[in-house]
Each structure stands twice: as structure tokens, then as C-alpha cells.
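Order of writing sets the labels: A, B, C and D. Residues in every chain begin at 1.
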Amino acid sequence: MSDENLPGGTTTIEAPPIAARYFRVREATVELCRTLETEDLVIQSMPGTSPIKWHLAHTAWFFETFVLARASISRRPFHPLYGALFNSYYLQAGSQFPRAQRGLISRPTVDEVHRYREHVDQEVLALLRDGVSQELEALVELGVHHEEQHQELILTDLKHLFSLNPLCPVYRERRPEEDILPGPLFWVAFPGGIRSIGHSEGGFAFDNELPRHQAYLEPFEIASRPVSCGEYRAFLDDGGYHSGKLWLSDGWAEAQREGWEAPLYWKKEDGRWRIMTLTGMRDVNDREPLCHVSYYEAEAFARWAGARLPTEAEWEVAAAAADLEGNFLESGRFHPVPAASTVGVGQLFGDVWEWTSSAYLPYPGYQPPLGALGEYNGKFMCNQFVLRGGSCVTPRAHIRRTYRNFFYPRDRWQFSGIRLARKV
Amino acid sequence: MSDENLPGGTTTIEAPPIAARYFRVREATVELCRTLETEDLVIQSMPGTSPIKWHLAHTAWFFETFVLARASISRRPFHPLYGALFNSYYLQAGSQFPRAQRGLISRPTVDEVHRYREHVDQEVLALLRDGVSQELEALVELGVHHEEQHQELILTDLKHLFSLNPLCPVYRERRPEEDILPGPLFWVAFPGGIRSIGHSEGGFAFDNELPRHQAYLEPFEIASRPVSCGEYRAFLDDGGYHSGKLWLSDGWAEAQREGWEAPLYWKKEDGRWRIMTLTGMRDVNDREPLCHVSYYEAEAFARWAGARLPTEAEWEVAAAAADLEGNFLESGRFHPVPAASTVGVGQLFGDVWEWTSSAYLPYPGYQPPLGALGEYNGKFMCNQFVLRGGSCVTPRAHIRRTYRNFFYPRDRWQFSGIRLARKV
Amino acid sequence: MSDENLPGGTTTIEAPPIAARYFRVREATVELCRTLETEDLVIQSMPGTSPIKWHLAHTAWFFETFVLARASISRRPFHPLYGALFNSYYLQAGSQFPRAQRGLISRPTVDEVHRYREHVDQEVLALLRDGVSQELEALVELGVHHEEQHQELILTDLKHLFSLNPLCPVYRERRPEEDILPGPLFWVAFPGGIRSIGHSEGGFAFDNELPRHQAYLEPFEIASRPVSCGEYRAFLDDGGYHSGKLWLSDGWAEAQREGWEAPLYWKKEDGRWRIMTLTGMRDVNDREPLCHVSYYEAEAFARWAGARLPTEAEWEVAAAAADLEGNFLESGRFHPVPAASTVGVGQLFGDVWEWTSSAYLPYPGYQPPLGALGEYNGKFMCNQFVLRGGSCVTPRAHIRRTYRNFFYPRDRWQFSGIRLARKV
Amino acid sequence: MSDENLPGGTTTIEAPPIAARYFRVREATVELCRTLETEDLVIQSMPGTSPIKWHLAHTAWFFETFVLARASISRRPFHPLYGALFNSYYLQAGSQFPRAQRGLISRPTVDEVHRYREHVDQEVLALLRDGVSQELEALVELGVHHEEQHQELILTDLKHLFSLNPLCPVYRERRPEEDILPGPLFWVAFPGGIRSIGHSEGGFAFDNELPRHQAYLEPFEIASRPVSCGEYRAFLDDGGYHSGKLWLSDGWAEAQREGWEAPLYWKKEDGRWRIMTLTGMRDVNDREPLCHVSYYEAEAFARWAGARLPTEAEWEVAAAAADLEGNFLESGRFHPVPAASTVGVGQLFGDVWEWTSSAYLPYPGYQPPLGALGEYNGKFMCNQFVLRGGSCVTPRAHIRRTYRNFFYPRDRWQFSGIRLARKV
């Protein structure tokens, strides 16, 4: 991308780095949807997902509300009702259209939403060109990271939608891949003691990664790579889904209620396990990292395997020295892939989010920001579990070693997998 | 429309009347959707409605399944999965995609559905041009009436969808109207005795209008026109929605559960009753016929008014001599309008479907057709009530004096209104 | 029972007949519960049933509210809160404790409820001894019939409760019976024409049996006896519960939702059909009249059998000449039994309530009584179907040829069976 | 109680201490129910509670299953079906009657359950008299602690049941009390550093209190006493229940869904807050410790107060030096009472369970016992929060400084209150 492409006509090479990053991320969101049909953008496939059209509008709303409206008190909103329609959950930012009804709104159309995005883009870029306060620039940066989160959600929500369609739509054609034999799963030991946890380096972090604090860890071992489909299949073949004693009580109840017999998107056809992916339906590949399991399944698998899930502190300690490399959104694979053997702990980033055994709770001394943005992360610190490391649909620039993702233990539509740990 | 417009290029003036009727009706369905956005066609706003895209495809499926597949055993279906996707409820015609999930299917796209329709049209018209058996022609005629039913449903379902949108979309601009003062409501008396009920004249009728049979009626009086909004407002102002003793037990429970305070699509703003219509939001017009009430509300209103609803036999007797004229779909009003005074019973056809006090049950000696088409009407003869006369979104050619429509007593999204009757 | 047994000590032979009937019916209710444990009287096994304790209290409440309170304006109620606790559904008689929560009230205890009953009994009997107006006497008579209805409900609700208990409690020991071979099912023909329907003779009738009116009937045939378990089993063995095309649409949906595979209280054990009765669990007896089927099952069975259910008018015409004899509550059998062959239509009364194809609607010209008692029957005239003839747990004195019982088409916990009819 | 009272007739002063403790605890359970009516023992008032009759039987089942059946392989169970009926949730101990249907079982009667208890008692006491292995004695001890837990549940479940009854039943008469003015709430500081957490001393502990392990704590302050009703009322008067920004997202959703406006059992009457207690309905006493709040309310209150809840490690550190004294079940008050001022952290034990901010998770290195008893605590380590300290209905002998109770964040029917903490 050259800067000449920045909208507004008068951009020059003086465009500040934040403007370039803003522009690239906003473009990437639109690019993700380029090959989709209008029909694909409108539907909400379950209460926990949103129509892609809504994601497109909500991310514009975020910049309009937290950047543009703060930059100029007298500014009139793009549309008087978009404030409520596209506010996700910020009670302090005004009323919100009910979350479960986001798929009942045929208007604004997709084209109107794109015009909304373009309008917001021009205003934000003009603002950045003119120079903004440090506080506003920080809000733009927050918005960029927010947009990246929704890029991931666009793909996970789309995958769920497509999975309900007997016509089995395909998002993108699968790229030819070399057939990698993953390394064996071995254990890497870490000593115990007091460790520092949480964000410290310069650069952006979400509030929930702060403050950096001390935690006492006992010595532990962590697996060299995520659990593969083949390893999980052994659990399945051993009756894992029919043996309640392996499961947490709430997990067993959920599995019975929902009739779980395998990970989400797995389907038995003529005695063979098939898997639905964004690049089409195909046979389960035993070598691939497993994904689309709930915390309950991850926890039961670990028990069956004679191990356990790592705490988030253990995970962070293990990841401290690892390269921030992996199979991210930019690879264009849209699915986890096997990785060759490594010397230490590998494949921590990208491919699959890894469930930890840590409840999502505030770090000691955590303080949410004041005002509506304090609702971004803080009010969800209950009933969820932390996942670490990013997935194959996470933008590479989005992830950090200290990044805390969080979902309910029953959630399965994210690219969530398993890494094992154990006592020394 | 001239016959030259028939697709296929080779049509001539010899095209049989059924072909012309087929073509016109199919065109009219598409025309209804012409001004809508793709987004409007995809969403299912409640389990009882369907996405418009589904209506477009299902009506094509009907001809494909009951005409084309019967005309040629060796014919291959247009798409191997459309059979299940667009089968509404015919158990004997194969499996069905779950009704409540019709809005979760982004594919086929609207364009693909139109191609499906065009493909079916060409096949059906070719068949008709070549000449078909009487049985097949009867099936085409059934399909044409079926298509007309779905034209009405397209508009009632669209209205429900639009009603959920804070942006208040408008289907068509409202036409300027002369301000008609409706005549006073007076009573027209009919003698008792044995009457013949049900379809007899030549021409098409649904199976549920048969057989023509005898029924004994006591003398009765029936109102000269439907209840107006102003009259219903008096019930409302008199506390009708807060006085359980006026209501059937099930109706009162439903009203409490759903929080009914007025007819569907009425909304109080700043102390004034507003009404949402396909031509926009506006003040309630007291002169208009009331619509969008459930059977429960109709029945409670009648009790409050010291009257009752007519039986369907009474309605049919009263309608026997009435002209089949009224405010139908073709008027382009998409809403009931006041009618000037008449000498006898007026406004029986068009404007609003009129709830009768008759449960929807088989006529004595009723026999459903053999096979899947026997499911068209027969299996619904339980738990519903009969409505008569058609509405402002019913195609004019569709209605008959003996026409039996049926909905659950709680249903309100049809243009359903009230006509009173009483004992002599 | 001799009159000396009347409570109050001072009764004489002058006690009016209504007092004797009152006393006998009230005693019979208590007698029904004599062998039960306190625990059996407290539980509500589903929203549609009530704890027996509640039945005992509600029937006292009925006399207190509609007789005692009317007899003396200044009378103070037995307990200030019983009015609301034991009002079933009479909106015009004050507030009501929520119906689904009747089983959450451990107090008043069973003993306190019996004291309530005794107190009411003494007041009512004193009133009757002193002489009452015709209007009050009519209310006492209504209350007696009301009490009889609840006697039946006590047993059907108890049966449902016991059916949920793995310990299989038995209400009463089964009496030894002679093994009757029921006569063959044959058809009895009736001519068509105008018939008079509804109550006419002197004596008590519920308001819903009125007014007597004319109805036109086509000629019909009706079966000589109810369908037997053996006949129903043929339907079951023929896949009746797995063939949707035999069922009404709502019925099929209900059967799927609830997983119906047989009548209520049937259970397959080691390949044999077992049936749970008030006198214990035993093998299904093919000779017995079938019971505990819903309207949906009755209707599907009739279709499978090439017949239909009778209308209530047809049933009433067929019953006009039949003796009011049968297997009622007083037989002490608590279950239907086979009957020997008859010349005409037999077994119309007792054994099983017979579903008719008639929706429960008001007779032409029906007027509910004024005030709260107008709610007794009138407000339920929607969504239910009429059953005729009484069952093996109906008190003999309670039934009439014109008696209209009514339940929802999904209900199965009453002793509801099937009688077939057909076109001549 | 003297040992002569031990059942069986032949007991002597040689009865081992465990036998005496067994006997006393079992007697105490029966004593708790002595003044209740049979009707009170049968009902299940919500899915999360159980009928008292079930508690009585389940605690006998526990000894029968984990003591008697292990002591003798050839022993026949007291009743072949009680195993399933009274198994709470031990998948490895056989099948279980559905938890939500415990209130649908009128049989066995209360008397039969008492006979079951007596039978088990005689067998257990005979076993203990004859001398048992250390392992069996440990199981008896576990059963005794288990019985104590159910003593508490009997009272909390009874309270919930009584709260639904308009007659406001009273469990026990309130004892006259001196009117204590509670001390002011002040803060007690504790230094940070590595602390040992979990059970260590000899004596019984549940598996979830193990293993004792190290945890790093930052310096903190903890409140000298629990929050009082008066303090909580200030939150309420300040609109705490209508200000979503004070709440966790899941908490706010729950509060809206359930319509929470105050703690459970508070009720506004004529402008005054009334509170329902086991000793009757009365005005809220501002001086009393607050109870019957969910974790969500506790957490929102703490935020409003500018503080937070303590972690369970902080609580345990603060409690390390405190006397194990307080207002327990044995006080006969059945409600929290104000306590006079103390020098350090007071009122940690008894009165109210104190919500901590710690999710209920396994301690590092936790291993559940093998077999069915491994299900006792381990499988619930998800979605719940830890409470500490016992309540006014906890038996005194039951509590420990390291005791971990756990409930879902929405639960309110336990005597759960609030203790605040804050950063130094």
C-alpha cells in the first residue's frame, strides 16, 4: 500500500504512522468481506454471534463515539439512531439495541454501512492529519485493536453461519499445502518461584493485562505443542463423550443437554469424521491442531490424558522467550496447520487459542479506565476462562505474550484448542 | 401485458389461458419485491414468518414438485438440496429444513433464487404450451392460488420485519386519498333455517371449502361494516386491555404474557396513538377499519360491545349476495381504508380478514386429496379459527365467498379485523 | 348412610334432600383420600394438576364464596388469606394464588384443611336446615356438582403423581374380576336431519349444556363400543407413532416434542407392554377399553382405521336412548373394564371419556351466568375439544347425556378414550 | 446426652468417640425437623433446593453407600430403589433420580425415611462398636461432616420454601435479645509476601482444602466486620439496583432478568423494608449483618463503596489468628446478629458466609480422592465462587479457617453476606 491511496486526496508522505495503521486495518476489514454475498452479511446465527454487517457498523461506531465525538463536542452524529443500533454493550455510552436482535434489522443496508464507514474514515483521517492529542491518538490505537478483534469475530461468526447451511458454502479456496508431520508432544519443565505477570514493555496493551504483578508458581511442565486432532480422537474413541466421571459437573450437564459427541464442526459421515472449515468440508486431518472445543472438553481431555491445563501465569512464563511467530490471519489459511518439531515450547502463537485453567479475574490492583471505556474488559471478569496465544484468524499485529482473551466455558465457535501442562 | 412478453421467445397467441394466468401471477410476485433491498429478503423476523427469499423459492419449489416432477419422472431437480430447503411442511414430499431456521440460510442468494424461479417458469410454460393433462392443469392452477397466498404472506411478513426496525422503513409511498367518512354501523337481519354452505359454482376452490353441505342457522343480525379504529379505541379507553372478565381465559393469559396494550403495530407516542403501516408511520385514523388484532381481542371486543362474532356459516350467508369488490392488493394502498355507506352488508371483501367464531374444522364428509397435497389444508384443522373475506394485501382474483382462511387465535400479524354479529 | 349421621348433632328427618346430597358428596371426597398418606396430598406433579390438599380446600372455598358469603354479607371468612389461596380462576371473585405454584404451599396443613372443610360443612348444613332461598339452593347444588368434578380430578391427579414414582405406589388393591370377552365392534346407523341438542329435561345442568337448540346432521354410523387396547395396539404395531401423515400437524409436532410412543402410562418392559393403573402395574389387557390418549392420538387412530371421531351432536343423538349405566367411580375399579356385547350402541357412559371432533364452543345463543360464576365454563370456550360420557372415576350421579367435558387436544392424564364414527 | 441413650440397647462407656459424634450429629438432624409438619418436608421449592425428606434420606444413603456397603460386600441394601432415589450426584455410585424432580416423590413417606435412618444408624453404630478400619472410620467422619452440611441446607431450603407462602410460617419463635450496637467498620492491614494457604493442622478437612501451598499476596486491608443492613441500605437508596455501571455484566443481566430490587427475603411494605426470617417477618434491623445477597450484589456493593471483596487467600490470612467463635446453628437464633466492637478482624465465623473474589478452582497440585468420593468436591470447580467462615445455621463443629464453601454467583438463598477489602 502506498500512502497515495489514503482517501481524502490530499494525503502526503507526512501522514503519521497511526494514520497509516488506521487505514490499513480499516481496509483489511473490508477486504475480509470482499468475496462475501450481501446475504452472508445480514444474518445472526445465534445470540452469541453478530451479523457481519453489524461488525462493520459497530467498529465505525466505536471510532465515531470514542474519537470523533470526543474530538468535537459540536459534531453531529452521522445518523441519529446509529448510536443505539451499533453500541454493543457500553451502558455509559447510551442505550443499546438488544443484542439478540441484531439479525432482525435489514436496514441500514450493507451499502449504507459502507458509506458510514467511509464517512467515519474520512473524519478520523482528517483529524489525524491535522494532529491530535496524545489521548485521542491512544483512543484511535484502541479502536484499531478493537477493529482487529472484530476481524477475528467476522470470520468465526461467518464460519458458524455457514456451518448451519446444508449447501456448505466455502469462504475461500484452500491453498495447496506441504504435508508437515508435526513433532512429537514432549514436556518442557519450568522452575517455580515468584514471577512477574502482565504487560510491562512499551506499546499498546489492554487494561486487563495490567498491572504487572508478582505471582508465585510451583514448578511445572508444559507441552511442546497443542493437542492434535489425532490425539483428541483417541479420547473420543475411548468413550470420552460418554464417561461423565471425566468431566466437570457443569460440563457434563452441558454436553448432555447439547448432545455433544465431538468438537464443533466435526460430523460423522459413513463412519468417517469430517470437518467443516472456512475452506470447505474435508476429512479430519489427525496431524492438525485440534480446535473448536469448549473449556469443558479441554478440561475433560486433560484429565483423561493424566495431565491438566496450564494456568495463565504458567502459559505466560512459558511464552516469555518464544518468538511471536505463527499461523495468523495473514497466512490466508483460515485453519490451524501442523508445525514441525521445535526445541522448546512451540506453536504458542496463532493456530488455536489455548484454554487455560484460570478464571478470567482482575489482576491484583486492576483498575478499569474511567467512563464507558472502563466497560471494555472489566465488567466481564466473571464466569469466563482465559485463553492465550491467538489463532489462525487473529491478525498478527494484534497478539501479545500477555494478551488475555476470555470466553465462557461452554463456548466452542472460536478457534479454541488445548495445550497440556502437568506437575513436575 | 401482452402475450409477446411471455419468456421463451416463441410464445404465440395460442398460449392457453392458464399459461397467461401463470405468467401474470409469477410476475406479480417478483414485482412485489422490486423495490426491496436484498437485506429485506433474507431475514426471518419470528418463527411464524419466513424470509421473503424463502417465499420466492418455496413457490417455485411447489411447481417443481407438484407439476414438473409429475410431468416427467426422469426429470432431474434444479438442485439436489432445494427439495428439502424449500419444502414447507409436506411430510409426504420428503424431508424439510426446520421452519424456525429459514432465516439462517444465506445461500442460495436472492439472485440464485431468481434463477431458480426463471428456470421453473420456462419449464412450466413450455409444458403448458405443449399441452398438459387436465390433472396437471389443475395442479398448475392450484400452484397459482398457492402463489397468491404467498404474495399476501410476503407483505405481512415484510411488515412484521419492518416493524422491528427503529429506522421505520417504508415499503411504498402512501397514495393521496380522498377522505371518506364511513357509514354508520347498522345491523342487517337474516332469517334462520337450513342453508347450503361451501363451494358449489364451477371454478377453483380449495379442498377445505368442500363438500357443499347443509347447516341449520338460527336467525341472526350482522353488522353493515367492520369495526373501525375509532370504535376499537373506545374499548381500549374503557380499559378493555385491563379487564380480564371480558376475555377468554387463554386470551387473557396470552395478553398478560405478551403485554398487549393495543393492536399490533399501534404505539403510543406523546399521548397519541400512532400506527405503523407499509406506507409509513402515522396517526391512527379513527375512520379506518381496525386490523392486526388476534381472535382473543376480537372476541373480547365483541363481548364488550354486547355482541358476538359471526359463525363462518352466518358470514357466508351474509356474503352470498354481496359483490366481490373491495380494497385488494391491486389498489396499491397496502392498508384498509374507510368505505362509504352501503344499503346492505358492505366491505365484506378486501380491507381486513374477519375473524369468525368458528373453529377451523373439516366440513361434514370432507376428504383431503390423496398424497402430499392432502396435507395442504387438512392437517391444520385443529386449534385455529376461520377468517373470511380477504384483506387489502390479498390478490383480488384469489378470494371467494366460500374462502376459508385460518390462523391461531393468538396471531396478529395478518390484516385481521372484526365484524360483529348478534342474535335477533 | 342415615340422616342421623349428619354432623351438628341436631339433625332430624326434616333435613332437606339437598342437605343429604351435600353431606354425602362431601363425605365421599374425604373418603377418597382416606387411605392416602399426607405426603400424597401435598405435591403438584405438573402445572395442569393440583395437589389433592388444594382440591380439598378449593371445594370448601367454593361453598364459602358462592354460598356462605352470599347468605350473609357480614360473615367473616374462615381465614383472611384462604380466599386468594384457594380461588382457582375466578377473576371476579378476587385475586388468585398462581396456579403453577399450588404445590409450593406446605401450609395450611392437611389437618387444617380438614378443619376448614368441617367448618364450612357445619355452616352450610346449618343454613340448609334453616331453609334457604331457591337461588342459594341452586348454588349449593352447583357446588355439589363442582365437588364431584374435583373427586374425579383427585384421582386423575393422584394417578399422574404416582406414575412419576419409581416405587410404583398403588391407590387401592385390585378387585378380582370376571374375565369378560367384549363384543365385536360393529356400526350402528342413525338417520340425518334436524335434531335437538342440549339440556332440556328438568334437573341440574351446567350452563354450557344450554340452550337446547337445533342442529342439522347428515346420516352417520357410530361404533358399538369404545376402541379396545388390542385394537389400539394394532395401530401402534403398524407404526402409527412414526407415520406423520396420519396425524394433525399440531399433533405430530406435540408427539415429536414429547417423544410419545404409546398412550400415557404405557411402558414397554422386556418387550411387553405394561400399564400403570390406580390398582397397580400390570400387563396391558387387550380387551379393556383404551384410555389416556390425547385428541391427537384419537384423531390419528381414527384416520388410520378409515373412520373418524363423532361430533358431539352425533354422540348425543346416539346416546339419547341409552341407559345411563356404566362403570363409574362407585364400582371401585378405578379403571375401565371390558363390557359384554350389546344390541345397540353400548358403553357410552363410564369407563372412558370419549373424544369428539367438536371444538368446545358456545351453543347458539349461549349466555354465561352473570358475575364470577359466569367464568365457570364460558371463558374456556377456545382451544379445547369436547369429551362425552364420563369415565370410571366419574361419580355416577354426575353424568348426563348432554354433559360436555372439555380438555386441550394434547391432554392425556384424564381417562380419555376413543369411539369411532363414519359416514354412511 | 449420656452414652446410655445410644440405640441398640447394649452400648457401654467403651463406645468410641466417633460413635458418639456420629450419634449426636444424626440426632441433631432429626431434632432440627422436630417442630415441622410432614407437609413441610415434602416440597422442593426450586430446582436448586431439595425437600427436607430428601435430605433426611440422602444423608442415610451416604452412610449406607460409603460405609455399610464397603464394610460388607454381601450386605443387601435397605431398599433396592433407594440407591438411585437418594444418590445426589455421584455418577460412579450408580444412577440418580433427576435432581429437579425430588419434590415429585410422595413415597417413601417421612415415617419410612425415618425408619431408613434408624436402620442405617443401628448398622453403623454396631459396626463402630465392633471396631472398624482406619479407612472406614475416616468415611464415617466424612459422613458426619456431610450430614452437617445438610443440616445447614435443611434450614436454608426450608427458609426458601416458607418465603413463598403467603401465610408466612415461622420455624422457631424468636429469642429475646439484648440490643447490641455493632462497632464501627474499620480497616485492618496485613503485609504482603508469600503465605501458606490450605489445611495443615491435624484433624478432618475436605479434599478441596488441600494441598497446603504457597501464594504470593500483595499488602491488603480487610474490614473489621461484615457489611450491615444499614450500610447496604445506603447502596440501595443511592440507586445501586438501577445503576448498571456498578455491576458485572452477567450480574446486571441477572438482576434485570430476575427483577432484583433488594436482597432476597427483603420486601417493601408501606414504605418500610421488611425482612423474612426463620423466626418470623419483621422490620429490617440496620445493625444486623446483611445476608442473602448474590456474589453479583456483593461485588457491585464493594465497587460502590470504593472497595473490593477479599480473595480467599487474603481472608484465610486475616482469619489465621482469629478465634473460631461466632453465632452458629447452636445459638438457636437462626439469623445473623450484630456483634460488639473488636480490636482486630471480627465476626469472621458464623453469622454470614462471606463472598470472596476467588473463583472456586483447585489448589495447585489438588488431587480428588479415587472413586465416587472424588466427585464430592472436585467436579464443581468451575463457575462458582468461594465463600468463607460459616453462617448462623452452620454447626459450630463444622467450620474451619481453611473451609471453602462455594456457590454460583447468582445464588442468594444461603446466608451469604459481604466483607470488604482494599489495597493498602
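Heads up, the rule we're going with is that a contact is a pair of C-beta atoms (placed from the backbone, for glycine too) under 8 Å apart; a residue touches a chain by one contact, two chains touch by 3 or more.
Just so it is clear, the structure is predicted and the values come from calculations on it, not from any experiment.
Chain A and chain D, compared by their mean Cα positions, are separated by 39 Å. Per-chain CA centroids place chain A at a distance of 46 Å from chain B.
Mean C-alpha positions place chain B and chain D at a centre distance of 60 Å.
Residue positions of chain B in touch with at least two other chains are not found. Taken as a contact graph, the chains are arranged in a single closed ring, with each chain touching exactly two others. Of all possible chain pairings, those that touch are A-B, A-D, B-C, C-D. On the side of chain A, the complex with chain B involves touching residues 37-40, 42-43, 45, 53, 81, 84-85, 97, 101, 103-110, 161-162, 164-167, 169. By the touch criterion given at the top, residues 89, 91-92, 194, 213-216, 218, 244-245, 247-252, 295-296, 299, 357-359, 361-362, 364-365, 375, 379-383, 409, 423 of chain A touch chain D in their complex.
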